[in-house]
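Reviewing the structure listed below.
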Amino acid sequence: MSNTTVKSAAAEHELVAAAASGDFASFKRESEPLLTRLHRFFHRYPTAAPAIVLLMAVLVFSTLIGDRFLHPFNLSLIVQQVTIIGILGIAQTLIILTAGIDLSVGAIMVLTSVIMGRFGVEYGLSPILALGFGLFAGALAGYINGLLVTFFRLPPFIVTLGTWNIFFALNLWYSGSQTIRSQAIDAAAPILHWTGQSIELLGARFTYGSLMMLVLFAIVWYALNWTAWGRHVYATGDDPAAARLAGIRTDRILRSVYIVAGFFCAVAAWALIGRIGSVSPQAGMMANLDSITAVVIGGCSLFGGRGSIFGTLLGALVVGVFRNGLALSGVDVLWQDFTVGLLIIIAVGLDQWIRKV
Amino acid sequence: EDKPIVGLITKTNTNPFFVKMKEGAAMKAEAVGIELRTFSGKFDGDNESQVQAVENLIAAGAKGILITPNDSAAIVPAIDRARAAGMLVIALDTPLSPADAADATFATDNFKAGELIGQWAAARLGDKAADAKIAMLDLNTSQISVDVARDQGFLKGFGIDLADPKRIGDETDPRVVGNDVTQGAEEGGRRAMENLLQKEPDINVVYTINEPAAAGAYEALRAVGRDKDVLVVSVDGGCPGVDNVKAGVIGATSMQFPLKMASMGVEAVLEFAKTGKKPEATQGLDFVNTGVELITDTPVDGVASKSSSDGLDMCWG
Amino acid sequence: MTTENQKLVLKATQLVKRYGHVTAIDGADFELREGEILAVIGDNGAGKSSLIKALSGALVPDAGEILLDGAPVQFKSPMDARKAGIETVYQNLAVAPSLNIADNLYLGREKLKPGILGKVFKMLDRKAMHEEAKAKLAELGLLTIQNIHQAVETLSGGQRQGVAVARSAAFAKHVVIMDEPTAALGVKESRRVLNLIRDVRDRGLSVVLISHNMPHVFEVADRIHIHRLGKRVAVIKPDTHSMSDAVAIMTGAMDPNEHPAGAFAA
Amino acid sequence: MSNTTVKSAAAEHELVAAAASGDFASFKRESEPLLTRLHRFFHRYPTAAPAIVLLMAVLVFSTLIGDRFLHPFNLSLIVQQVTIIGILGIAQTLIILTAGIDLSVGAIMVLTSVIMGRFGVEYGLSPILALGFGLFAGALAGYINGLLVTFFRLPPFIVTLGTWNIFFALNLWYSGSQTIRSQAIDAAAPILHWTGQSIELLGARFTYGSLMMLVLFAIVWYALNWTAWGRHVYATGDDPAAARLAGIRTDRILRSVYIVAGFFCAVAAWALIGRIGSVSPQAGMMANLDSITAVVIGGCSLFGGRGSIFGTLLGALVVGVFRNGLALSGVDVLWQDFTVGLLIIIAVGLDQWIRKV
Amino acid sequence: MTTENQKLVLKATQLVKRYGHVTAIDGADFELREGEILAVIGDNGAGKSSLIKALSGALVPDAGEILLDGAPVQFKSPMDARKAGIETVYQNLAVAPSLNIADNLYLGREKLKPGILGKVFKMLDRKAMHEEAKAKLAELGLLTIQNIHQAVETLSGGQRQGVAVARSAAFAKHVVIMDEPTAALGVKESRRVLNLIRDVRDRGLSVVLISHNMPHVFEVADRIHIHRLGKRVAVIKPDTHSMSDAVAIMTGAMDPNEHPAGAFAA
C-alpha cells in the first residue's frame, strides 16, 4: 500500500497538529489541596455518608442513654432487628443498581414464608425440601418480575406495583390468613427456626439469621466487585444502551438480578420465621418502603449503576440504631417515624454534599 | 337469585380473627339462604376502604351491613347513609362511636376482657404485684377504641390509676415500664418486647393487644431466656392462642367469639329482612355482649376462668 | 493497493431494516476486503449507522444476508460479533460511565484468575487486566493514562473517545468498525485517530470508517462506499474519483453510472 | 466585507454539496398503511390505552351484572369513589410530568384535613379561614418538597419518602390521634362538608366534591396545554438540562409544580372531609401508591415529559370501575386486589404495545 | 473588512471558572465586534464551550467581567442573555424532544393571545406561533417542514440541529453563538449552516462560531480567537495567518508572539 501517497493527501495544517506535543485531550489539573483530596476520598468510598451518620448516631445515643445502649447485647439486638430489612435490602440494592425498584419484596417474602410453613408443617414434607421449595418459589417470583421487565419492557416500578398486589393476594389465599404456630413448626420443620437460634459472643447474642445476613452481604459484595457478573450489573444500570452495545446481554443480566433478588426475599422469609417464631400472613406490609429506605440512606443512586452493597447494611443499621435509641430514650413511636423521615433527607443530603463539594 | 344480600366489612383481611369471622358469616349465610358480600380495609385503621365498601353495599341493594369499624367515629356518616337507605347496620367486635350509630353491636366487652387479664395477672403475682414491672404492647399510635378499652381495662384490673381512661399511655404509675406498638402482628410484638426489655430488663408482666402480638413478644422473651418467669396476657382466644396457653406461652387470654358475632349478625339481618325487627342490646349495656371467657391453666381466686382444654373446644380458629 | 480479487472478509447482501414507517436500510449491499480501510460516506440519515449496526450485531436486520469470511452469520448481539473478531466504536460511544478505564476495556471479556479462584469462584483477575490495559494503551500510543482506575465519566469527551477507539483497536482480531470516531475531536486528536486507523490496517486487519470529513476519508481510505437513501449507490477509489465526485454522488447531484470510471470503480 | 474571497476558501467538493437538491437531512418515508396510521393515531392520543381498558371494563361488567352496574346512581357512585384519588392524581401527574414522584401526597392530605378540622372546630375560627389555612398549609408542604428537590438537589423519591414520614408524624401529633366527628364539623365549620353535598341529575348523584374534581382536571388540562407554564413543565420533565439551556428557569418551574401539587393535596383533603364526614388522622396511608397507580394506568411516563392529565382521570376511573364492578359481582376482596395488580400490568403493557407497534 | 476600531458588542475580561479541581476557564479574555463572524478554536477540553456558556448565561463565572455594548452585565440564566438579544446553539443542542418544532422555537418566549384571553387566562396563541414559525423557517431556507407539529424526537440528528440553528438565527437581535453546529452534520448540511451563518452576519448581527473544522473556520471567519488551556492566546485573521499557523498555536507548537504578525493580529 502506498502509504506515502496517501499521507500526502492530508492537509498541511493537520500535519502540524500531528507533530504537536501533549497527550490525547490532556487538560490542566490544579495541584490538589486538602479539601479536594478529602473529596476524592469520599468519592472513592461512597459509603462514607451513612458511616458518618451511623457513627454520630451511636455517639449521640451512648451519651444520652449510656451503658444500656452501648451494651454488647443491645448492639447485637439492633443487628437482629435489622436482619429482615437487611436481607431484603440486599435484594433491593441489586434491583436499584440496575436502575429498577422493587415494590414486591415484602410480598414475595410473606408468600414464600407461608409456602415454607405449609409445606413443612401441613404436608409433612421433609423440612429441607419445604425450605427448598420456598427458596425456589422466591426465585420464581423474581423471575416473573424479571420477565415482565425484560420481555414486555415494562418499567420495574409498574411491574412490581402490580406483582406486589398479586403476590400479596396469593399469600392471603394460600395461607387462608391462618397463622402457623411456632410450636407446630418446632415439631414438624425445626430447620425453619434455625435462623432464630443464637450464639453468644462476649455478652452479645447473634442469631444465625443475623450472621447469615452478614455472610450474604459479604457474598454479594464479592459477586458485585470481583466477578464479571457484578461488573455487568453495574454497567447495565449505568447505561443499558451502552452496555448492550459493549457486548453485554443486558436482558439476561436483568433477569438474573430479579431471580437473585426473589431468592433473597425467600431467604428473608426464612430469617423472618426464625425471628417471629410463627408463620404469619400479616408480615411484611411495609417492607418495600423500609428496604428502599435502607438502600437510599446507604447511598445507592436510584438512577442505577452507582452504590455499594455495604452502604445498604449501614443504611439499615442507621435506621435500626435510631429506632432502638429513641425507644430506649422513651421517645414516643410517633417521633421515631418523624426522625426516620428526617434521617432519610439528611443522610442523602449529606451524601450529595460530600460528592459535590 | 333474589336472595337478600348481607355485607361483612372487616378491618383487614390479614388478621386471622377477621378471616374466621368471614368464615362464620359465610357458613351461616349458606345455611339460612342469604348472600354474603365481603369487604375489608387494607390495613388496621383504613377508614376510606370501609366507606367505599358501605357505598358499594348500598349500590348492591344489601339488606344489612356487619362492620368491624377501623375508625369508630369516622365511619359514622357513611353508616348514617346506609341506615337512611333502609339497611340494618350491626357493628361487630368494635363499637361505633357513639355506639347507637349502629342498630346494634355484637361485641366482646373489650374493657372487661382487659380487666379480666389484669385481675388475673395481679392475683398471680400476689404481694409482688406492688412492685411489678409491666410492659404494655398496644396496637398502633391511633388510640382506636378496642386498643384503648383493652389497655385501660387491663390496667384497671391490675389496680393501676388510669388518669384519662380514654387515653393510652398517660399513666404515671412507676410499675408501667412503657408502651410500644405492635400493629397487632408478630414482628411488631417481638420488636416492641425487645425494646421494652432493653429499657427495663426486669419486666415480669406483659400485656398484649392480641395473640399474634403475644406470640412475637414471647419469641423475644425466649431469646433472652425469660420465657419461664414472665406473665404474658392477651386477648382473642384463637386456637393458636389457646394452644399457646396450653404450652405456657401465654399465661391467660380473654377469649372472644367472632364466629358467634358473625353468625348472630347474619341471623339478625335475616330476621330484619323478614320482619323488620331489630336486635336489642344486652341488659344494662349499649351492646349485645357476645361474651368473654378467661382461659388459663393457672386459675386464681376471685376470677372465673376455664382451662385451655375447655378453651380448645370453644376457640375460633 | 487493494485489488479486486482480494479476499472478502465481510459481505452483506440486500439488507433491510425498518423502524415503524422509516426504512433505515433499504436493500443495502456491503463488501469489506482483507486488510483494507473502507470508508462509508453518505448524508445525514442515509442509514450508515444502521448498516454498521446490522454488521456488528447491534441490530438484527429484517431481511438480507451477512457473510463472514464467506460463511453466513447471524449476530444476535454485539457480543456475537465480538467473538468473531469484529470490534465496533459506535457513534454514541458505548462506554459505561461509572466504571473505570480498565473495566471498560475488558467489559464483556473479563479475565478470570487462574486456578480454582477463577474456575469455581469466577474471580476476576483485576491485576492482570489492569496491567494489560496499561500495556495495550501504551502500545497504541493513544493515551498516557495517569490512572487506569479513573472512572470514564471523569474524562473529557475527547479522552472518552480515545478509550473507545483504543478498546476496538486493542481487541479486534479481524475487523474494526468506527462510526464517526473524530466527530467531536480537535485537529490534533483527529490526527491520532487517523494514524491509529492506518496502524490497525497495517497490522492486517480490515477497517470500516464512517466519516463526514471528506479530506480525512480521501486521505486514509482504500475504497469508499457511498450510501444514499438506505442503499449503497457506488464504491469508488480516491484515485478514480475526486472529492467533488463523491459528494455529488452522495447528495444525488450526479448519477454514479455517468462517471467515466463507473459506479463500482473498486 | 470581501465575501467573494472568503467563499473561494471553500473546498470545491463542498460547493458541489451546496448545489445539491433536497432538503436538510431529508429521508425517505414509506407510504402509510392502515396499521401505521392507527399507530400514529395512538401516538397522538396517549390516553387511548386507558380509554380502551375503561370501555372494555364497562362493557364486561354491564353484561355480567346488568342494570345494577349501569344504573346512573352506581355510575355516579364510582365517580364519587374516585374523587380523592382523582384529585391526588392531578397532583401526582404534575410531579411525574417533571420526572419526579411524590410519596407524600397522602400525608399532606391527611395533615391538611386535620388542620382544617381543628382550626374550624376547636379554635372557633371562621370556617372559610380554616379552609384557607388548610389550603395554605398544603401549598407550604409542597413548597418544602420543592425546596428540598431544587435547592439541595435531592431526588424527589427520597425527599417525599422523608417528608411522607414527617408529615404523617406531624399529623398524628397535631391531631392527638383523635378523630373529629362529623357532627362537630357540621356545627362549627359546615363549609368543610360542602364537598360532600350533592345534586341529582337523571338519577345520578354528583357530589360537589366530584364535580370539583372534574373542574380541576379541566383547569389543569388548560394550564398544561394552553399556557407557557404548561409547556415549560413538559420541557423540564423531558430534559431538564436542555430546558435550562433553552432559557427556562427549571428550578422555578419545579417549585411551582410542587406548590401546586401540595395545594391540590389540600383540596383533596377538603373533598375527603366532605366524603367521609369526619376528620380521621389515619386516612391516606395508601394514597401515594394508589395515586401513582392511577397516573401510570393513565399512560404517563415515569421518566417525565410525556403523558396527559386526562389519562389520570381515566386511570382512576378504571381502578374505580373494577373495584366497584368486582364488588357488585360478589368477588372476594382478596381477588379484587389481585385483579388490580393484573390490571396495572395489563394496562401499562397495552400502552407500551400501542406505542411501539 | 472588520477594522480594529469597530464597536465592541461583547467583551469579557479575565473570566475564571473552576469545576472542582479542573479550571475550565483560566483568566480568559474575549472580544466580539459588531457585524463580524468570530471563530473560536482550540483543542478538546481547552474551555471553549465553558467560555461561551459564561457569555450566554448558562454558567456563572467565578470571576471576571462581561460587558455588553460597553455596559457590564451579569447573566444569571440563558434567559437573561436571550432577553439581551443573544441566542446560543449549545454543543448538546438544548431542544425538548417531546415538544413539537414550533413549541421548541418559542420555548421560553411564548406568544399569548391578544386581549383578555392572553392577559387574564395567559392563553397561548398557538396559531400565531405556528404560522410565524413556518414563515421563519421558510425565510431561512433551512427546512421545508412537512409538519410543524412533529415532535422534535422524531427528527434525525441533522434535522434537529437545523431546528436549533434556525431558532437562534430567527430570534437573535444582536449576537448568535454556535458551539460546533456542524459536528454531526454531513457535507451538504454543513454547507447550509455555513451559508446561514454568513446570512446572519449580513443582517448586521455578530456571530461566534466554535469549530474544529479549520477549512470551515478559515472560510467564514472574519477573525479567529485561539483558545488554549483555558485562556485566549491569540486573535488572528485568515489573511495574516495560515491554517498551519493556527493549528500550531492552538496545540502549543508555536509561540503566537513569534509569528511575524504577532499574537493579536486582529
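Per-chain numbering from 1; labels A, B, C, D and E assigned in written order.
Note that a contact is a pair of C-beta atoms (placed from the backbone, for glycine too) under 8 Å apart; a residue touches a chain by one contact, two chains touch by 3 or more.
The chain list, named the UniProt way, goes like this: A, D = Fructose ABC transporter, permease component FrcC; C, E = Fructose ABC transporter, ATP-binding component FrcA.
Computed from a predicted structure; not experimentally measured.
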Where chain C and chain E overlap in contact partners, by chain label: A, D
Distance-maximising chain from chain D - centres being C-alpha averages: C
Chain whose average C-alpha position is farthest from chain A's own: E
Pair of chains joined by more contacts [C-beta pairs], A-C or B-D: A-C
Computed distance of Cα centres, chain D from chain C, in Å: 46
Length of the line joining the C-alpha centres of chain D and chain E, rounded to whole Å: 39
Chain centre separation in whole Å, for chain E relative to chain B (CA means): 74
Contacts with 2+ other chains: residues of chain D: 11, 13-15, 17, 20, 22, 25, 27, 172, 334
Chain C, residues touching no fewer than two other chains: 43-46, 156-159, 185-190, 214-215, 247, 251
Residues within chain B bordering two or more other chains: 13, 43, 141
Every chain pair meeting the contact rule: A-B, A-C, A-D, A-E, B-D, C-D, C-E, D-E
Chain D contact footprint on chain A (complex, rising order): 103, 148, 152-155, 157-159, 161-166, 168-170, 172-173, 289, 292-293, 296, 302-303, 334-335, 337-338, 340-345, 348-349, 352, 356
Touching residues on chain A, where the partner in the complex is chain E: 11-17, 19-22, 25-30, 32, 36, 39, 357
Footprint of chain B on chain D - complex, ascending: 68, 71, 73-74, 77, 80-81, 84, 172, 176-179, 181-182, 196, 272, 275-286, 323-324, 327-328, 330, 332-334
Chain E residues touching chain C - in the complex, by the definition given at the top: 42-46, 156-159, 180, 183-190, 212-215, 247, 250-251
Chain C residues touching chain A - in the complex, by the definition given at the top: 1-2, 58, 77-79, 82, 88, 90, 92-99, 103-104, 107-110, 112, 121-124, 126, 142-144, 155-159, 161-162, 185-192, 194-195, 198, 201-202, 215, 218-220, 222, 238
